[in-house]
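In what comes next, chain A is part of two complexes: it sits with chain B in the first one and with chain C in the second one.
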Partner chain A sequence: MQHRILRKARVLFEVYLAQMVEYRAEIYLWAAAGVLPLILLGVWAKAAESGSFPLSRVEFIRYFIVAFLVRQFTFIWVIWEFEELVSSGRLSQQLLQPLHPIWRIIASHLTERVVRLPLVFGIVCLCFLAYPEALWVPRLVDVGLATLLLTFAFWARFMIQYMMSMLAFWSERATAIEELWFVVHLFLSGLMAPLDVMPDGVRAAAELTPFPYLVYYPTSLLLGHGAPLAKAAVVLGIWSLASWGLQRVLWRKGLRSYTAMGA
Partner chain B sequence: MRLARVIGLFWWTSLLAELEYRLNFVLAALSALGHLVGNWFALSLFYRNGSTLGGWSFPQALLVMGIFTLLQGLIRTLLTPNLTRLVEHVRTGTLDFVLLKPMDSQLWLSTRRFSPWGLPDVLFGLGVVLYAIDVQGLWRIGLLVAVAPLLCSLAILYSLWFTLASISIWYVKVYNVTEVLGNLIAAARYPIDALPQGIHRFVFTFVIPVGLLTTLPARILLGDHLNGTFGVSVLVAVCALLASRSFWRFALRYYTSASS
Partner chain C sequence: MARALCKSYRVAAKEPGVAGALRHFFRREYKDVEAVKGVSFEIERGEFVGFLGANGAGKTTTLKMLTGLLLPSSGELRVSGHFPFDRRSDFLKRITLVMGQKQQLMWDLPALDSLRVNAAVYDLPKLQAERRIAELAEMLEIESKLTLPVRKLSLGERMKCELLAALLHEPEVLMLDEPTLGLDVNAQDSIRRFLKDYNQTRRATVLLTSHYMADIVALCPRVLLIHEGRLVYDGSLEALTERVAPYRQLRLELPELVSRERLATYAEVELLEGRKVVLSVDRAQVTNVVARVLAELKPLDLGVTDPPIEQVIGRVFAGQKEALA
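Our next item is the complex of A and B:
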């Protein structure tokens, strides 16, 4: 039994890895599309020269380079894929297979990361070449903890978005809800500015949402400033468990109203 | 005249099609509101700690942000719906049908769709611009002059977008090239002076002329006399339009009509 599951996983992984390698140009473009932190790096580094911020110029530069890297781990597109599956009716074929459709989507997300990361590390190296004063060596413990937090953050974000993609059963434009979600993500995750420069009230509110644990805290961990790991586990845990539960309900209801149009 | 009627029809039919998804309008308006609040908040973070963005005061920087929001709304309304479709046409081979139509293919591809979902951004952007003008007491009839550089910005953006989308003739799966462009344009939400010298200034002056896109219209609204820079903007816009035109003609020679 266990052996068969492992074999399935291996086959899925290999198939999707081959596919991702084939489409590497596209993946590289997606990686480059995450350029926003590198733009803000410039703006904040310049602003830090004239104002009194909790972070120095070099710290801002370091923050945004690492934020760019960290952000790449939590790129999730399950809602676009699922919407396409439902609205084109291709979901029907997958429902006939003895494998839940989500496993294919998970495999594609994981293998994509393998293809994406070499380029991302390349860009990060270029950044440190451009700003050698920002170069620093993270502690091994911090790298380990940040990887752990990122893995957890990846699953939480995946689960939340997967829950939202269930809307595709009722609406042809389920992605609109993700766009709305992303607006909040943009401003509260630490992509636009580190949480250190935000008012305390906003920061406290943000910490109850999953957003800061996707970008700000993994970055902060890598930089050696630490992170409230217990809080992260609780918040991410609650959000992902609630999404998982809701997703189960919506999946069952949705399948009943699924009309397999176009198939 | 006939052209105007055709485009009017295109937009009317797309509007009708999109109105099928009325709930989306609520979501689009909410996300536009979220962007507005978020951008305002993010901008205020620079000023909370006694810094300025390249010497711009908060209301002045707000003007740039308003123009940026306005442009983004126009991009969402006019550009992205059409140009994502262009890539789709190439991929499926339906570009054949477009080429057979008795209308210029570039014009058809650029005007066929109209998406009302960007309109909340347009409205909010205008609102911020008007608010920033009001706060600074800038009201005067000469403000209308700023429409000219804005049109140039739109022309530059359109040309960049269309040229990138035409690359799909060779590399089919490039619809996310425009995604990269869309993310680079994010730099236009701040005045160009907020960017440091070096690589940032270089990219956002020569690759994507951020200074021309939002900073120039804002400075004209502020009453600066920038005839020289405005001249450059017109020149860049005209050249960009011509370039996108000839690039499209060039690309079409390589179109091999997939799956037909």
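Our next item is the complex of A and C:
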């Protein structure tokens, strides 16, 4: 049994990696399209020179370079993929196989990361060449903790978006909800500004959502500023479990109303 | 086995134009569309059955219920001992559905990669999978194509690769929805030969829908005819022809032009193109009419055939269901 599961996982990983290598040009464009933190880097660095902020100019630069890197690990597109599967009818082919369709989507997410990261590290190196004063060496323990938090954050974000993607059974534009979600994500995750510059009330409320654990706190950990790991585990755990439970209900209801159109 | 199988959809009823859209926004109205209305049939292991019907007749909806993609609105359904909609692993390993023009192969990778995934998904041991791939590829004559990216293959080659992928786990029930759609004559013939061989060697049950009557004639001793969601015929093609079209065609090439009126004294004139003539002759009268034609018209060529199956089916769809009663 265990051998069969491992074989499925290995074959899916190998084949989807081969597919992602075929799509490397598109993946590099998507990775490069995530440069919002690098744009904001310039804005905040300039602002820090003249205003009074909790972070110095160099700290802002370092924060946004690391935020750019961290964000690449929690980039999820399950809702777009699932919506396409349902609207094109391709879901039917996958439903006819004794493997839940989600495993193929997970394989594509994990293998895409492998192809994406070399370019991302290249961009980060260029950033530190442009701002050598921001270069620093993170502690190994912080890298380990940030990796752990990012792994949790990835799965939480994946489960939340996967749950939302179930709307594709009833709506042709399930992705609209993700676009709304992304607006909130922009402000509360730390992509637009570190949570340090936000009012205490907003920050406290944000910490009950998964957003700050996707970008701000992993960045903060890498920078050596620490993070409320226990709280992160509880919040991400609750959001993941609730999303998983709701997803199961919506999946069962969705399949009953699935018309397999286009297939 | 399907008994009194029904499927209805609830669809939004919306009038056209902005006014219709606004009205629909504030007061949604729906109507139930009955796609399948009480269909019953049984298919034994190893049978090759044609499933015929016009577009929208309910064939594909029935196939989707048989494979578990759609939940029947009512009725009983068992396939290989399972209720398909449960989609249990054991059931999914016994069936396959091939839909012409729909693909499961990964577009940018060689077909062999998709086959590797399928082998793992269906828990086929590596050596067994390799042996089956080699065997099926040889039967389908695509050994050299499996290492090319799927996007580089012709439609026929792609369809053969799709068939290979769908049959790798040796399903005992095959449901084929227009598997030869859009293929050239050679590819159609090759797929037909393959399906026949697969059905005979594996004792697989096959349910085939096709708009190409040549597929049905070549492969299906038994046909199910579905019309407006109801099963209107279940039996052999020959019996269908006899019941719906109790006549034969007399094809003649005459030495000279003969008027339609004179030809009509022999039988109904179906076609008159110069010296080429097709007469529809009542089955009981064939011998007499042939004797008269030979004696009086002295044809250069003469042939007696059954009417084309398209014509037979067309008669049913044109409202001659009473002929089946």
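Everything that follows uses one rule, which is that the second predicted complex is superposed on the first by the 263 of 263 C-alpha atoms of A that agree within 3 Å, B and C clash if a C-alpha of one lies under 4 Å from a C-alpha of the other, contacts with A are read in each partner's own complex, and residues count from 1 in each chain.
Definition applied: a residue touches a chain if its C-beta (ideal position, glycine included) is under 8 Å from a C-beta of that chain, and two chains touch if they have at least 3 such contacts.
Small disclaimer: the values here were computed from a predicted structure and weren't measured.
In the three-chain model built by superposing on chain A, chain B and chain C fit together without any clash.
In the superposed model, more residues of chain A are touched by B than by the other of chain B and chain C.
By the touch criterion stated above, A:4 is placed in contact with chain C alone, chain B being left untouched.
In the superposition on chain A, contact of A:47 is made with chain B only, not with chain C.
When both complexes are overlaid on chain A, the residue A:209 reaches neither chain B nor chain C.
Once the two complexes are overlaid on the shared chain, A:15 sits against chain C while remaining clear of chain B.
By the touch criterion defined above, A:26 reaches chain B but does not reach chain C. By the touch criterion defined above, A:259 reaches chain C but does not reach chain B. Legend: residue contacts after superposition of the two complexes on their common chain; A:93 is shown touching chain C, with no touch to chain B. Between chain B and chain C the least C-alpha distance in the superposed model amounts to 6 Å.
Within chain A, the residues touching chain B in one complex and chain C in the other are 23. Those residues of chain C lying in contact with chain A across their complex are 9, 64, 67-71, 87, 89, 92-93, 95-97, 99, 102-104, 106, 108-109, 113-114, 116-123. Put simply, chain A touches chain C in their complex at residues 4, 7-8, 10-12, 14-15, 18-19, 22-23, 89-90, 92-99, 255-256, 258-260, 263. Chain A makes touch with chain B in their complex at residues 23, 25-26, 29-30, 32-36, 39, 42-43, 45-48, 50-53, 130, 171-173, 176-177, 179-180, 183-184, 186-187, 192-193, 197-199, 202.
Of all residues in chain B, those touching chain A in their complex are 21, 23-24, 27-28, 30-31, 34-35, 38, 41-42, 45-46, 48-54, 171, 173-174, 176-177, 179-180, 182-184, 186-187, 190, 194-196, 198-200.
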